[in-house]
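Consider the two complexes below, in which chain A is the common component and chain B and chain C are the respective partners.
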Partner chain A sequence: MNDLSVSSQIAYQAARMQPRVVRRIRGLSDKALAWLFITPTIVLLLAINIFPLIWTIYLSFTNYRANRPNVPMRWMGIDWYQSILTDPDIWSAMQVTAHFVLWTVVIETVLGFGLAFLIDKKFRGHGAWTTIILLPMMLSPAVVGNFWTFLYQPQIGLFNYVVAFCTGSAASSFQMLGDVRLSPWAIVIVDAWMWTPYVMLICLAGLRSIPDYIYEAAEVDRASKWRQFWSITLPMALPFIMLAVLFRGIENFKMFDMVNLLTGGGPGSTTEVASITLKRAAFESWRTGYSSAFAIILFVTVFGLANIYVKALNRVKSR
Partner chain B sequence: MSIANAAHSVVEPTAGTRRFAGSLVILYAVVTMIPLVWIVLTSFKSPDDAISYPPKVIFQPSLEGYCNLVTTRSRQTPEFIQTLGPAQGLCDGIARDRNMVVAGPSNYVPRFVNSLIVAFGSTVLAVALGTLSAYGFSRFRVPLKDDLLFFILSTRMMPPIAVAIPIYLMYRTIGLSDTRLGMILLYTSVNVSLAVWLLKGFIDEIPREYEEAAMIDGYTRFQAFVKVVLPQATTGIAATAIFCLIFAWNEYAFAVLLTSGNAQTAPPFIPIIIGEGGQDWPAVAAGTTLFLVPIVVFTVLLRKHLLRGITFGAVRK
Partner chain C sequence: MKNTLKALLAAGGVAALSIGTATTPAHAQGKTITLCWAAWDPANALVELSKDFTAKTGIGMKFEFVPWPNYADRFLNELNSRGSLCDLIIGDSQWIGGAAENGQYVKLNDFFKKEGISMDDYMPATVVGYSQWPKNTPNYWALPAMGDAVGWTYRKDWFARPEVQKDFKAKYGRDLAAPKTLDELRDIAQFFQGRDIDGKKVYGASIYTERGSEGITMGVSNYLYDYGFKYQDPNKPYAMDGFVNSPGAVKGLEAYKELYKCCTPPGASNSYMSEGLDAFKSGQVALQMNFFAFFPGLYKDPNVGGDKIGFFSNPAATTQATQLGGQGISVVSYSKNQGEALQYIKWFSGGDVQKKWWALGGYSCAKSVLNDPSFPDSAPFAKEFLKSMGMVVDFWAEPSYAQLLQAEQKRVHDYVVADKGTAQEALDSLVKDWKAIFKEEGKKF
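Right after this comes the complex of A and B.
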C-alpha cells in the first residue's frame, strides 16, 4: 500500500515533470536560443574554413608532400616564405595577376558605370534589357570558359570570323589563345563580358539612390549637365562604384577558373596568374608545404589590401 | 506642388535622350547575347555544320549533339547494322546514320545527377543553417556580433585553391574525398556566409512587434520564430536558396580539384567531351545549353533580389 502510493506518486510527479521539461526546452532563454541558432554555422565554418587555414599555416613550415604521406615530415621554418618571396617566377605570376586585376577592373568599371548611367534614363523596356544584360554573370565559369574556347578557335570560331570580317585579315592569321600577345587579352575580354553586368548592377543601385531633389536644386541653380554629372552623379555614386571595384578586385585576384579553362596559364607563362602557379605547385608537383606557404601569402595579400580599401571606402561613405 | 512638379519634369530625361540611351543599351545587350545564342545554335548543329567555315547561321537542325552528350556509341560496319532490327529510339537512329549504334549512357548522366544532388543538398543545408543564424544575429544580443559577422564574410576572401589543399588532405584522412557528402559540406560552408548575410537583411526588415505580439499571446520565442517570422521571411528564404543553388550548380574550381570521378559534377566534365577526331563541339554546346536553362529561368525569377544576392545584402535596391 505504502509502496504503491510512493510509486504512483513518482509516476504522478514524472507525469507532471514531462510538460515542464518540454516547456523548459521550448521556452529556452533568449541567450541560449541565440547560441543554439548560431553555433551550427560557426562550427561548420570552423571545421571547413578555419581548421584548414590553420592546417595550411602549419604545413607551410614543413616539407610535407601530399603524394608521399609516409615520408617523415621535416620542419622548414620560414624557408618556403623566403624562397617564394625571392623567386622571380612568383613575382612574374604576381605581376600577371596584377595586370589582370587592373585591366579587368578598369574596363568593367568604365563599361558598367556607362551602362548603368544609360539604363538609369528609364527608356522603354529597360527592365527586360537589363535582365538580358545580367545573364552572363549568372553562368558557370566552366560553361563560359567552354564556349569562349569555341568562339576563339582560329579556324572555326565565330570571334575570329567576326574580327577577320571587320578588319579584312584572314581568320586563321591570329590565335587568341595561342598567341603570346593576345592570350592575356582573350581572358580579359571574357572576364569583362561576364562581369561588366555585375558592376553595372551595383552602379545602378548607386545612381538610383541619388534623390531627385538634388538635381532639381542644381537645375534651379542652372548648373550644366556636365557640371551636374561631375559634382552630383559621380561623387554620390562613388561609394557604390568603389564597392563594385572591391568585390571585382578580390574575385579577380583569386581568378582561377577562367584562366584554367581558356589557356591553362599558357602560352608559356603569359597568362599564369597566381592561382594557376599555386595549383601547379599543389596538385601537379605536389609540393604541399611550399604551396601552403604561397597560399598564406596570397590570403594575407588579399585580406590586407581589402582591409586598407574598406577603410578608404568608409572614408568616402562618411564624407 | 506645381512648382515641384515643374522642377521634376526638368530633371526627367527628354524623349530623345531616352531613345539614344535605349539604343546604346540594346546594342550592348545584343552583342553580349551573341556568344550565348551561338552556343545554343551550335548545340543543334551536326558536327560538320559546327566546324564549317564561314560559320553557318542557317543549317539543318539536328539533335546529334544532345544524343552524343548522353550516350556512348560504338562503330559498326554497315552490313552489321543492317542485320539489327529497327533503331531503338531517336539517338540510335542518329547514330546509325553515322554507322554507329548506341552502346549505353555516357558519363555525363551521372555527373549531371551529382550536380543535382550536391547543389540541392548544400542549398538545403546552407539555407537551414543560415536562417537560424540570421535570426540569431538579427534579434538577439550576441557577444562580438560584428566580429562574428565579419568572420563569416571573410571566409569568402580565401582563394579556393588555397583552401583546397588542406581540405583535400582532411577529406583524404576522414574518407570524404571524392564523395558527394564531402562536396555538399564544402559548398554548404561556402554558401552559408552568403545565406547568413542575405537572410539577416531580410529578417531585419520584419518588424519585431509581430513576434512580441505573438509572445504576449502565449507563444514561446521559438514558436514565434516558427509561426510568425518564418512565414514572413519566405520570399527572402526562397531568393537566398536560389542564389545558393546557382553557386553550387556553377562551381568549378573545387569540383575540378577535389573530385576525380565518383562525385564529379558536370562543370569540370563538359570541357572534356571528346568525339571522334577531336572535341565534339555540338555535344559540348548541348551540355552547356542544358546547363544554362535553369540559370536563365532563375535569373528571370530573381530579378528583384539580384543586387542583394550578389553583394551579400550590402546594397539594397
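Right after this comes the complex of A and C.
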C-alpha cells in the first residue's frame, strides 16, 4: 500500500466519524453540553487549587514534617493555631506586614492617581511618557531586587549619592538596608517605584471612562477646576482607585520576593514580613504542619479583609 | 518503506553509539553517577580529581553543583522528596543527624569494614563532625571528605608598610602583626577602619553577619566558643542554662557586636562568604573572616594574593576554638547506582587520592596527609589549617538543627545588627527557643 492510499483512508475514516460525533453532541441537552465544556476546568481547579487547600487544612492539624517521612503523623488538634496566635514573634511579623501594606498602598495610590491625572491630559509625547512610567512594573522582581540592592549600596550606590548630594551628608553615612529605621522604608520605596505604574494604569482607565459631556456641562455651569475634580473626577474614578487598592493590598500582604532579595527579613527581624516567617518555618525549619496552620491563618485574614473591602467597593459603585 | 526506516534507524543508532564510544567510554556502558555539592573552588578541584576515577573504573561522573546560597534548599529538597538525582552527596555537617534518622543516607559501617576503611585514619574532629550520628558513637554515614574551619586572612602588604607599622606602634605600643587574641584583632581592625591606603579609604574587617541562612551563627560562634560558650552541659545533655547563656558567652557576643559596630565596612549588615571575598579582593578590608576552603583561591588572586596575603587561625580569648566547616561524602539511599557510588568512596579514601586531593585545592581529612611532616609547609595556609582542625567545634547536628539554627540566627542578628536588647537577653531567649524545640522533639532535660 502506498502513502497516498494510507492518507486517503484516514481522510475517509475521519469523514465517517464526524457525523457520528456531531450527532452525539446534537443529542445532548444544553445542561449536559455545558457540563462537557466546564468539566476539564473543574477537574483542573480541583487538582491544583482545592485539593492542596484541603490537604493544607488537614496538615495544619498534624505534626507532619516534610523532611521526616518516617515519623508517624500525630493529630495536634488546634495546638498550632493556638501557638501561632499567641506567639509574639508572629505578631511582630504581622505588624511589619501591616506597616508595609499600609504605606505602600497609600504611597502607590496617591502617586498612581496623580500620575494618571497628569498623563490623562493630552500633551506632546504623553504616549512615550506613559511607556517610560510603565517600565518598572514590566521588570522581574528578581531584577528589581538586585538592581536596588546595588543602588542602596552605601559606598557605590547611586541612591546614597543622590541623597548625599541633596542633603550635604556623606554618601556612606547611612545604610538603607542595614539600618533598622531605614530598611522598612527602603522596601516601601522599591515597591512604590515598581508598582505605582500599575495603580496609574487602573486609575487612568477610570479617568478615561468619565464621559466628556459631564465636564462640558460643568464648564457651562462655571464650575471651577477644583470643583470639577472634587465633584466629578474623584467620585467617578473612586471605584477604580478602590480596585487598585484592593489588588495592591492583597499582593503586598503576600509580598515575599522583594523583601527576600533586599533584606532577607533583616536587619534583625525589622523587615520580616509574614511570608518570610512562613517560608522559614516551611522550608528551612521544615515544620510543615505548623506552617500549614500559619498559611491558613494568613489566607483567612486576606480573604476576610478582602471580602469586607469588596462589600465597601460595591456600595461605592452602586452610589 | 518500513524496511528503509529500520535500516535508517539502525544506521543512526550505530553512528550515535560509535560517537559515544569515542568520547566517553563509561557512558556507553551506562555507568554514570552524579555527585552533588556546592559550587565553589574545591568542587572544581574534585572534578579534576575524579577524572582519575573514571579512567580507573570506567564509571562516568556527572556533577551537580549549586551556589552556596541555594545549596541547602536545593539538596535538602532533593533528599526530602526522595529524589534520585544525586548518587553521592557532599552534604553539610549539620545535616548528618537528620539524614541518618530519616533514612536518606546509606549507613557505611559494613562497607567500611568490608573494604578495610578505618575511621582511625582520619582526623578525630572530622570523623565526629562529618561522619558520626549519634555523635561520638561508631555509626558512620559519610566519609570525611572536605575538612574546613573558619580562619582569617590579612593584608600582609599593608601590615608591612613602615608608616603603618610606625603609626600602629605609636598607638598600641606593639608591632603590627597577625593577632594572637581577639582583643588584638579588634585593635587592628579599629586601626585600619577609615584609614587611607594608596588614596583609598579602607576598613577594618569583614565578618559574617548574614541573616537568612547560617552566616551570623557561623561568625559569632568563633567569639562565643573563645569566651566559654558551650551548647550543653557536658554531663547532662540538653541542659543549656549557664552554658549557652554563661557570663563568658555574653562577653563573647558583646565582643562580636563591638567588632561589627566599630570596624566593618558600611553596608556589611548581611555579609557571608561571598561578600567577605568581595570585600577582601577589592581591597576594602585589612582582615577577613572566612572558611579555609577559599584560601587557595585567594592566594592565587593576582591583586591580593601571593606575598600580599597572610593567614591566621581564629585568635584566642579565655580559650581558643573555631567553627567547623566542611563536609563528608555520603551515598544517597534513593540512588539507583549505590554500587558505583560506593566504589567512588572506596577510591576516594585511597592514600594517593587524598594526597592529590590536597594538592589540587581540596582539604583532605586523612591523617596520612595532615600528619605528614611536610604538610605545614605544603601551602602558606596549611599550618594554620592544621592548627584550626585541632580546635574545631560544630553546631548542633540534631535532626532539628535547622530550627535550632534559625533561632540563633534571629536572636543573634537582632542583638548584633539590629541593636535589639542586651547580649544577656539574646542568649536567654536563645536558651528558651532551643528548649522549646527540644521539648517538641521529645527530648528530656
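Quick note on the criterion: the second predicted complex is superposed on the first by the 285 of 319 C-alpha atoms of A that agree within 3 Å, B and C clash if a C-alpha of one lies under 4 Å from a C-alpha of the other, contacts with A are read in each partner's own complex, and residues count from 1 in each chain.
Throughout what follows, contacts are C-beta pairs under 8 Å (C-beta built on N, C-alpha and C of every residue); 3 or more make two chains touch, one makes a residue touch a chain.
This structure is a prediction, so every number in the text was calculated from the model and none was measured.
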First, second, both or neither for A:V105, with chain B first and chain C second: neither
Partner chain(s) touched by A:G266 [first = chain B, second = chain C, both, neither]: second
Chain B versus chain C as contact partner of A:M76, first or second or both or neither: neither
Touch count on chain A, higher of chain B and chain C: B
First (chain B), second (chain C), both or neither touched by A:I187: neither
Partner chain in contact with A:Q155 - chain B first, chain C second, else both or neither: both
Partner chain in contact with A:F283 - chain B first, chain C second, else both or neither: both
Contacts of A:L53 with chain B and chain C, given as first, second, both or neither: first
Chain B versus chain C as contact partner of A:G178, first or second or both or neither: second
Touching partner for A:V245 - first (chain B), second (chain C), both, neither: neither
Doubly contacted chain A residues - partners chain C and chain B: 66, 155, 260, 283
Touch list for chain A against partner chain B, complex: 23, 26-28, 30-31, 33-38, 40-42, 44-45, 47-53, 55-56, 59, 66, 115, 118-119, 121-127, 129-143, 145-151, 155-156, 158, 161, 171, 193, 197-198, 201-202, 204-205, 208, 212, 215-216, 219-220, 240, 243, 247, 250, 253-254, 256-257, 260-261, 274-275, 278-279, 282-283, 288, 291-292, 295-296, 298-299, 302-303, 306
Complex contact set, residues of chain A against chain C: 3, 66-70, 89, 152-155, 172, 175, 177-178, 180, 260, 263-270, 280, 283-287
Interface residues, chain C side, partner chain A - complex: 1, 73, 76-77, 79-80, 82, 98, 101-103, 210-213, 265-270, 399, 402-403, 406, 410, 413-415, 417-420
Complex interface listing, chain B residues touching chain A: 4, 7-8, 10-11, 13, 17-19, 21-22, 24-26, 28-29, 32-36, 38-39, 42, 50-55, 129-130, 132-133, 135-137, 139-142, 148, 151-152, 154-155, 157-170, 172, 185-186, 188-189, 192-193, 196, 220-223, 246, 249-253, 256-257, 267-268, 270-271, 281, 284-285, 288, 291-292, 295-296, 298-300, 303, 306-307, 310-311, 314-317
